[in-house]
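Input: structures, listed below.
Next, two complexes with chain A in common: one pairs it with chain B, the other with chain C.
Up next is the complex of A and B:
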């Protein structure tokens, strides 16, 4: 695309976003409904405390706080930390189990029904039991996130490992490459595009599950705050948290695309070389 | 491919694996080898499931969940396909709407639930609207990839038979994108059930499978029943998947003929 075309695209994009925000402001400022506070009232709730029923703000105007407010430490960090642990658990289990199943056709067939049955359980339906079983701490939330997001990683790993090029497998066998090295040098690298795309799907899903896991039996976190703001009819804070969640979603998306491009850029080059 | 162990062998092994899994779980829990007081043996869970499935009041709650998810999914299909077609066929729409969509889309659908519950109260409207928001995106993006994959020669051919622009969209693009759109619907169907149950749990009023589970969790209903209800929810989404898969294979068998 030409330079001027790109500039024009950015200008129209920013223009339409500005129109949306101005429209949002005009519509909500003239309306009496307190479900829809104007953005001029919502955005300050991100960085300024309002006392009373208001939640602690996520940001702070003061540089001595590193611009981070109490809400950052009390809700954002616990939420993200649980999400990260759940996601890490799902990644480890998904890649580990997926590799084992990908290597053996019989194992895949024997576990096919089990996986399909367990995978069909809608994760939020487990929240109730797991609060009873694991208590009210971080445990049930982390397990719920891990349970929900493991499937794309597991299935993609199985698929990726099972579809490694037959010729390459035979070469590895002919040269009697030790199994450990076949795993790290052949199976996992060949499967990596599939694994990474599973991890990308799961990351977006982890954010959703993080929110859902805090809908019941939570005492902090972003999902908990959404629920609290609803019960206290605190709509400026509710909107502020929604804006924060959009920003987190956007950031996670960007991060994963960046990581995918970097890692798979290597993969594309490596497979081009070997295809010569 | 090894034709000796065709689909029948994989079905046999799948069923065998599943039964072995259940038997092991039964043995482990009922003999106390694995001491998890919190997991009832599979036979008890199955008994709990059977009791629930034959109870009219529980089936009523299942119907609440199905209705909420179905209405939301229906609205998402209308919204997703309409937006997808507009974005694919109109440059003006694309330029103006895409930046807004890119900013709005990262917000998970369930995060709209508290606001929608405040505005519309608890009930079908707030639940199915949340479902609709969450389900619109996969349908929208699959509609777009479907339109991107339309054979340009087909479009040119239709044009040279002096089809109008709308006629081309309706009779060529939409038809050839329909398998993609259906894939979006299938993805969204599982999301619909997940979001529906999540919203039922957010502010439980005893309705829907989620409401039933939330009540059961706090009200001392025995664990076998709670697990039973959870697995009924699983069964529901398994049935839905199976149904949509069957429709997909019937309706879009012609796709195979095109070598797509």
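Up next is the complex of A and C:
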């Protein structure tokens, strides 16, 4: 995309965002509803302490704090850390197991129905039993996130590894490439477009599961705060956290997009000239 | 010293034996390839040429018969053998640039040796300038040159080529044929090439093996006694070339 095209996109995005925020302000300021405070009230909750039932803010107006508030350390960081560990675990298990199953038709046949059966369980339904089994603390939350988001990665890895081109396998066989190098040099790169698309689906899902996992048995975190704010009717804080979550979602999506462009540049361009 | 590099003894192949889809691809095929020879296997499409090539490469076990390299029957892919596949776009790795594609089978070598071999092989196929490109940025003919360079870089004694020029245009095709002859003259490598193009087989080969339709058998082995170096004009206009071409054509079209 050209430079001016990029600038134009940013301008239009900011323009529509401004319109939405102004509309939000106008609608809520004229409303008596307690549940929908206007953004002029919500946004300051991101960086200013309000005492009483208000939660510690995520940001700080002070440069000496690096503009980070107590809420950043007490809730945002623990939440993101849980999510990241759950996601990393799902990625490792998904790619590892998926590769093994992708390589063996027999293993796929045996496990196919098990995977579909377990995958069909809505993960939030497990929240209660999870806490009973694994207890409180970070462990069960991380496992729940990993359990919930592993499926797209697992299934896409199986599909990607199982559909490696037959002729490329023969190339590896003719040149006597050792199995481990076939794995890293042929199977995984060949499956990488599918694996990464699974990882992108899972990342968005991990954010959702992080919040859900903190609805019970948690003493901090963004999900915990949402639940607390709701029970104390602390709606400005509730909305502030939601704005933060939306910003995190955007950021993660951007990171994923960037990583994908770097890792899969060959795939996008090669697909343009031929069907691989 | 035994001068036979590769021998195919009574090889036959049936796909899906005993099933409803049973397909008798190769009846019984025997021939020998001498060291340093260029042998072309020619036959109608669907005559099991590619199957035969995969059996010779040790990628498939034949239903009957054996393939021997240097007198001993092969178990899996023999040492010192390389192969060029028909479909270059599915044989090269699109996630690697040209140079790493050529170096891919050389990982067991030291880095400097690897780089040197890739440089030499790419220069041999006339692609010295293009080693930083991705294969899909190149034309079909150039991609097949990369595949050829990858095969040459392992310094094989036997090079198998499975319809290597079937998917390129006529001009590129004759260029690649001459390239193969050039490389053969320089290295003295043993080449077995499968093609459905009679003219190509006579132009390249010391020996043309004409196969029947499936289940294929050897119709005749034509010893091609044309002087080398050959070239597209003089060789193809010579009366003996026309004679061999005539003979092969008769065999395959009767």
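Throughout what follows, the second predicted complex is superposed on the first by the 252 of 276 C-alpha atoms of A that agree within 3 Å, B and C clash if a C-alpha of one lies under 4 Å from a C-alpha of the other, contacts with A are read in each partner's own complex, and residues count from 1 in each chain.
Following the convention adopted for this analysis, contacts are C-beta pairs under 8 Å (C-beta built on N, C-alpha and C of every residue); 3 or more make two chains touch, one makes a residue touch a chain.
Fair warning: this is a prediction, and the values are worked out from it, not measured in the lab.
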Output check: A:122 vs chain B and chain C. Expected answer is one of first, second, both, neither. What do you get?
first
On the A-aligned overlay, A:136 touches which partner chain: chain B = first, chain C = second, or both, or neither?
neither
A:7 in the overlay: touching chain B, chain C, both, or neither? Say first, second, both or neither.
neither
Looking at A:186, would you say it contacts chain B, chain C, both, or neither? Reply first, second, both or neither.
second
Compare chain B and chain C by how many residues of chain A each one touches, and report the one with more.
B
Once chain A of both complexes is superposed, is A:171 in touch with chain B (first), chain C (second), both, or neither?
second
Once chain A of both complexes is superposed, is A:29 in touch with chain B (first), chain C (second), both, or neither?
neither
Have a look at where A:266 lands relative to chain B and chain C in the superposition and call it first, second, both or neither.
second
Would you mind listing the overlap between the chain B footprint and the chain C footprint on chain A?
none
How about chain A: which of its residues touch chain B in the complex?
9, 12-14, 16-17, 20, 35, 105-106, 109-114, 116-118, 120-129, 131-133, 207-208, 211-212, 215-216, 226-227, 229-230, 233, 235, 238-239, 241-242, 245-250, 252-253
Within the complex, which stretch of chain A touches chain C?
165, 167-168, 170-171, 173-177, 181, 185-186, 189-190, 192, 266-267, 269-270, 273-274, 276
If we count contacts the way the header does, which residues on chain B are in touch with chain A in the complex?
2, 9-10, 13-18, 20-21, 38-39, 95-100, 102-115, 117-119, 190, 193-194, 197-198, 201-204, 209-210, 213-214, 216-217, 223, 226-227, 229-231, 233-235, 237-238, 241
Partner chain A, residues of chain C touching it in the complex:
54, 57, 59, 77, 81-83, 85, 87, 89-91, 93-96, 104-105, 107, 134, 136-137, 150, 154
